[in-house]
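Shared between the two complexes below is chain A, which has chain B as its partner in the first and chain C in the second.
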Partner chain A sequence: MRRGTVFALSVLALVAFGLAAWAGGERVLRITFAWPTYIDPAVGSDFSSSSAFVNLYDTLVYPDVNGDPQPHVATHWEVSEDGTVWTFYLRDDVYFHDGTPLTAEDVKFSMDRITTIGEGYGFLFVDRVEGTEVVDDYTVRFYLKEPFGPFLTTLYRLYIVNKDLVEANIKRPGPYGEWGDYGKEFLLTHDAGSGPYMVKEFRVEEELVMVKNPNYWLPIPEEAPDEVRFIGTTEPATIRTMMARRELEISDQWQPQEAWKALDAMEGVDITSFFPGTSFYLMLHTRKPPTDDIHFRRAMAWAFDYETVVRDIFPGSIQSRGPVAQSLPGHDPTVFQFHRDLDKAREELRKSKYYDQLDQIEVEFHWIAEVPDEEKVALLFMANMAEIGINVKVVKVPWMSVVEEMANMKTSPNIVSIFVAPHYPEAGSILESRYHSSSAPTWEQNEWLLDETFDKMLEDALATVDREERFRKYAELQHYIMDLCPSLFLFDQVEKHAYQAAYIDWPAARGEVIPVMGYNMAARFIKVYPEKREALLKGG
Partner chain B sequence: MFKSPTWQRRLEGFRRGWYKFSRNPVSVVGLFFVLLVSFLAAFAPYIAPYPEHAGRFVNFREASQPPSLKHPFGTDVFGRDILSRIFFGFRYSLMMGVVVLSLVVPPGVILGLIAGYYRGTWIETLIMRITDIFLAVPPLILALAVCSVLTPSVFNAMMAISLMWWPWYTRLVYGLASSLKHEFFVQAAEVTGASKFHILFREILPNCVSSIFTKMSLDMGWVILIGSALSFVGLGAQPPTPDLGTMVADGAKYLPDQWWIAVFPALAIMITVLGFNLLGDGFRDLFALEEI
Partner chain C sequence: MGILRFLAKRLLFSVFVLFGLSILIFLISRVLPGDPVRMALGPRAPEWAVQNLREQMHLDKPLPVQYYYWLVGALHGDLGQSLFTRRAVIDDIKEFLPATMELALFAGVIMAIFGILFGAIAGRYNNTWVDNVVRVFSYIGVVTPSFVFAILFLLLFGYLLGWFPTAGRLSPWVPRPPVITGMVTVDALLTGNWGALGDALWHMVLPAVALALGGMAQEARITRATISDNLKKDYIASAKGFGVPERLVMLKYLLKPSLIPTVSILGLDFASLLGNAFLVELIFNWPGFSRYGINAMLRKDLNAIAAVVMVLGVVFVTVNIIVDLVVAWLDPRIRLGAERGK
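And then the complex of A and B:
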């Protein structure tokens, strides 16, 4: 009996404690994402991973709302006349989460690590950075192989990891010789950063929990969340329920049209939208029949109904003009744009070498299972292509499997529909990640273009330090791609998020949009007001 | 009396059967559902209001319309008429049931007969232990495993279900056959030197038919349900195939606001499965009474 009483009392106490903590107003920010997320800065590169890096790590420079680099860990920098030597002067008051100071050694280690591993954002630096030199504790120097114009903006993706911590957690032997596994296993579930938030718990399949870094070197407003949860679901019914119960502050961007309407109708919930420079592509495999035939690809480009997509499936978006989003610096407005014209489509199809065997050919179209609206595009494509006699097989594939199959030329399907965002706010970024040979085995390219001329032209453009000249070269490249027709350029995405407008203050929703993927999810700029949340719950 | 022709006796037997069957009104309801579903499936292209909506068709202008006179069951998120797609969906469900049963019943029954007749020999051990292995794995799990290894399609879904279904018939017939083998008529046939083939298929099998038949009509519903479950998780029919399970899965995302997208196909599955189950119950009553 007595034991029972004690137990009951302790349960009561626990419940009371829980309630008190809740009523006291924990500042929690919960955001849903398409999963999985990789919090190792040398591995991840998608939306959820990038959003996690911004919160866990610091960079030398930080983008402003125009995408221009501003001092962050680096207070100032110099560049040599030939554009190949970049020297950065660091602050001396930045500390990692375990208390060790951030020094030039850590910057060098981070650069060496990401270029050795070569995954994630590694392609921004591999083959580009020749070496990193530690000049003194707080001065670091990068030597580039060739002058690279947008180098500063790529440094948004050099997340500085704690050298001592990673070294202490290296597993040997590993694939990187003396560096063993380079701490990959450790960084899969832990952070080694100095950022405004730190990993508290990471259940890889479900949820990433981060807490505020009390010793962050920049002031974090009191209203910024104490705890940030990245939740791995995009399931519309779940999102709706969580939003209605105020258990979710910002939704993912992948909700279907019907769900946005329902979310918008909820009290205190608003939908915000901005053009982040992301475009939606139908990536055509240019090395696999029948999409290896340019006339076949052009026929599809003429037959597709772009207008229905921007009007009915993704309202608010605009039809793309070429491979670069229209909001991205460096976009060329004179690039050719396809529209639906069945006569032209049939004419191109007749020129195709597959014209005589259309009935035996099936084009395989893979769409991402986590984004229900993509099925509408897929079925529209199927219906459009049926009109000119092309058979399309539509397959729903989970994101994880898509990433896997796109790593290999043989397993990549004829068509994949994917959103791709620039990694740094310039046309060169999207041109590189979409069509450069080095990105062919990643999820950002299904085309397997492997075009040496294009690679050379792009490398030349990127080597140009003068901005105006660089942009002129970007324009040429956009025309070049358009002639090859390796993709269908559907639309520039409007990124929508439902958020609890009644109790959070989110700069991006106010129009202060940073045009670099992930940076609008920097929790330190988002303010959460638990008392307003309470009021909303009581009112409801 | 040799005057009355065979067909007259058969008619009389049928009348008696129908009387016994119809004494249970629930069985008649089952029969009605089955006939209705079969009729709609057979004539879907002629009676569906928008037959083209079952194929490669989209019309986003009319997407997610609630039920109305124009679309009695509403439209889905692609603007397709749900009623028409349900009619065509019945085709895939029935096809699934018929194909699977016609694939599993013959081998299942034959193996059961052999194992039952040779009870106590290594033949029985071999057949029944293999059967046990298949029975040990939950049916849906096995089908899921097979389907996810193969590329998802209606054909592969049917193969996967067939693979897990035959042991049930082997088990059933094995039980019947092993008791029937001790009956006098079987022993009499053995004594007169009848061939094994004759004994198995002319003496034992006819006495198992009623149970097999009952099980088949009960299973029809289950097979359709498992087929729908496979489609629901994306391992069965692929779009734009109007499969009922897929329709429910797609519609479930839009609950509860656009309830009609999921609810009507779900009801359609329910009616089909319920119909076959009630019919199966009716058959069981019918044969059970005859045996008395």
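And then the complex of A and C:
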């Protein structure tokens, strides 16, 4: 019995000592994420994977707070007059984590790899990049199939991998012919990057541990974390407890409203909000009665109560102004915005060809079962429409069924409520995925717009290399869409995070938000002060 | 000999059960709506990439052919690739199953020891204040889901009092013992890493107790009821009449036969823990098999779903056989019946 007590006390002492030694003195940054996290740049494309990439890998260009590309591994670049040949000149002082220099061969290998695998962010390049040429050790050239103006911004997603390291770890045979598995198995748990952080440990579905790269080619502030941990949980009670015990520095964005309130009330913890460019739409089927009638659609747009949504259902968000989120580069702030006006709604409804059959018509509204708050929007919509005599049938549908039914024009419902995020930080991305004919059979478009004029205008805009000119064309497209009223543009989603304001300095929380998913989680810009943490713990 | 025949019969029967289960789960997982490959690769992945993966997973083939590929692979220890962890499902199982096994074993030990202990005390002193106290706590334990206990413990002992860690299997500063069984406590014990052992046990207290309480209350209720019944039987009165010491009557003549229903339920409760630990694993960020299984279902990760269900099936079947053997040992009538070939 006595021996047992001694053992227990020894263990407790060891644990207490370890806790004091580790957490007290180390600069650790812990962030929670919704798993899965992929650290292979040719596989992942979600929030946690994108956040891992910016820490582990380098890119040719890097976005600034306006989303504009700035030199990074590439010091400068040139583009041919027809916009199809892009030449990049690389720095010669960038080294991978194993010490090998980063050269044009690695850039070509990275592009070839992601376009061959076709997963993750591969879709940004697959149909656009014809080939990649190594001009010399530090010059690389991309040949595009056709001019593509936002090419530079898509390069935020070309993370450069170490060719030699990946080649040495290829498993053969594999699905990619002579390339075997293209190193996918290796890169599942290892990195092959040159970024400011390196993988120390990766436990699938549990935790990604990264440590500072001591030989990074750019200066990293001393106060930047020595260790970064991505923890795979979003459970509110766990997050709350970890924040209170100062075992978590930044929370994930998936907490319920009551959790935000509780976190905000904690000493030293603040909630920061920014707009990542994601919008919430009610997608109206423009080829199916009665939502095929433009006056019917406009009547619904006038009758809906947008204010209640942003005030009570999704607090912190802002009403959308057109199809492009207001934070997304290329948004036109002059675009028309609907507001609730029942007189105008009735006026539009009277112009509709379905006006005389309202009592026989039912509009089917599908909301995603996995997002409970969407039901509130659906019910509000039903109540609003009832005021002007439109019958709405609200249906709760699991996400996978929604994806399936939206793949076919006949099975797509009248209305689906969905969040859509841009694939690269420009208006063109969202306009393409939401309204271009090529995206009609995907879950990103229920409208089935199939408008040739729009398609041509968009293709022309995307082919425009000059940024100013391209943005002007995006503006025209936004007005064009508003005239057709194919959707109800409800709100721009707010991304919230609780963070330890008392002992970390996070540029995004200070308003220096980079409008590209994942880039605000670049740990080299975040400063951690362990002594303030200790003081907070003692004070608490 | 009789026991061996009994065992052989049960094993043969189990093979049929597992075969049936494999067909059932294979069909159910494949008729769920949605294209799992498209879900995994995202809406913008080019169609050829989606098609490549479909072909790699034989999803472009008719269902019977898919099942054939799956069965042949499974018999060779290859359960296919997970669409979400992007590695062999067998590797996922090797990583996640020991974590839940470890948790379930500790919860099972707590359940067995305290459930039987409290049940025995309540049964021995039935209709006294001791019995009433145990009964009230048992009712609370039975009706409260384990995730409620988990949240309560997390907030009380993790958040307010700060006595126990709130997430994971080991503290970040404690080096992981080399993987032998995958169960951190066992590996730490085998390698003599006392620091890691203590830390792992410290992490296990809250989730294991939260998981155990429901079953423990159940076991206590069953043990109490059986002991109360047996206490009124003639053979106990005879033993007491012959002057057999109270302690001997309690342990040998009363407790042993009273444990038969408890052991049967205990076995099922233990096996259920593997599948039902999901919320507790989620709350304590425990990288376990149950959480993996639920995620597989939500993501329609076909191979992972089939593997999880099959593993749970194997565990249930194995536990049931063990329970039958233990019950046969406890109850001579069953043992002798088996030996006579009945």
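Everything that follows uses one rule, which is that the second predicted complex is superposed on the first by the 338 of 540 C-alpha atoms of A that agree within 3 Å, B and C clash if a C-alpha of one lies under 4 Å from a C-alpha of the other, contacts with A are read in each partner's own complex, and residues count from 1 in each chain.
The rule we apply is simple: contacts are C-beta pairs under 8 Å (C-beta built on N, C-alpha and C of every residue); 3 or more make two chains touch, one makes a residue touch a chain.
Fair warning: this is a prediction, and the values are worked out from it, not measured in the lab.
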Based on the superposed arrangement, let me know which partner A:Glu452 touches: chain B (first), chain C (second), both, or neither?
-> neither
Applying the touch criterion given at the start, work out whether A:Glu185 contacts chain B, chain C, both or neither, answering first, second, both or neither.
-> second
Which superposed partner A:Ala237 touches (first chain B, second chain C, both, neither) = both
After superposition on the shared chain, which partner residues are touched by A:Ala369: those of chain B (first), chain C (second), both, or neither?
-> first
Quick one: classify A:Glu207 as touching chain B (first), chain C (second), both or neither.
-> second
Give one of first, second, both or neither to describe whether A:Asp356 is in contact with chain B, with chain C, with both, or with none.
-> neither
Using the superposition on chain A described above, determine whether A:Ser401 touches chain B (first), chain C (second), both, or neither.
-> second
Would you sort A:Pro256 into first (chain B), second (chain C), both or neither based on which partner it touches?
-> first
Chain B or chain C: which reaches more residues on chain A?
-> C
Residues of chain A at both interfaces, chain B in one complex, chain C in the other | 235, 237
Which residues, counting only chain A, touch chain C once they are in their complex?
-> 7-8, 10-12, 14-15, 18-19, 21-23, 28, 35-36, 38, 43, 45, 117-120, 122-123, 126-127, 175, 184-185, 188, 203-207, 209, 229, 231-233, 235, 237-238, 240-242, 244-245, 247, 398-401, 403-404, 423, 433, 442-444
Could you pull out which chain A residues touch chain B in their complex?
-> 235-237, 256-259, 262, 308, 311-313, 369, 372, 375-376, 378-380, 382-383, 386, 393-396
Name, in rising order, each residue of chain B that touches chain A in their complex.
-> 56-58, 60-61, 63-64, 77-78, 152, 234, 238-240, 250, 252-255, 257-258
Which part of chain C faces chain A closely enough to touch in the complex?
-> 32-35, 38-39, 41-46, 48-49, 52, 56, 84-87, 92, 95-96, 151, 154-155, 158-159, 162, 166-168, 171-174, 194-195, 197-199, 201-202, 282-285, 287, 291-292, 295, 300
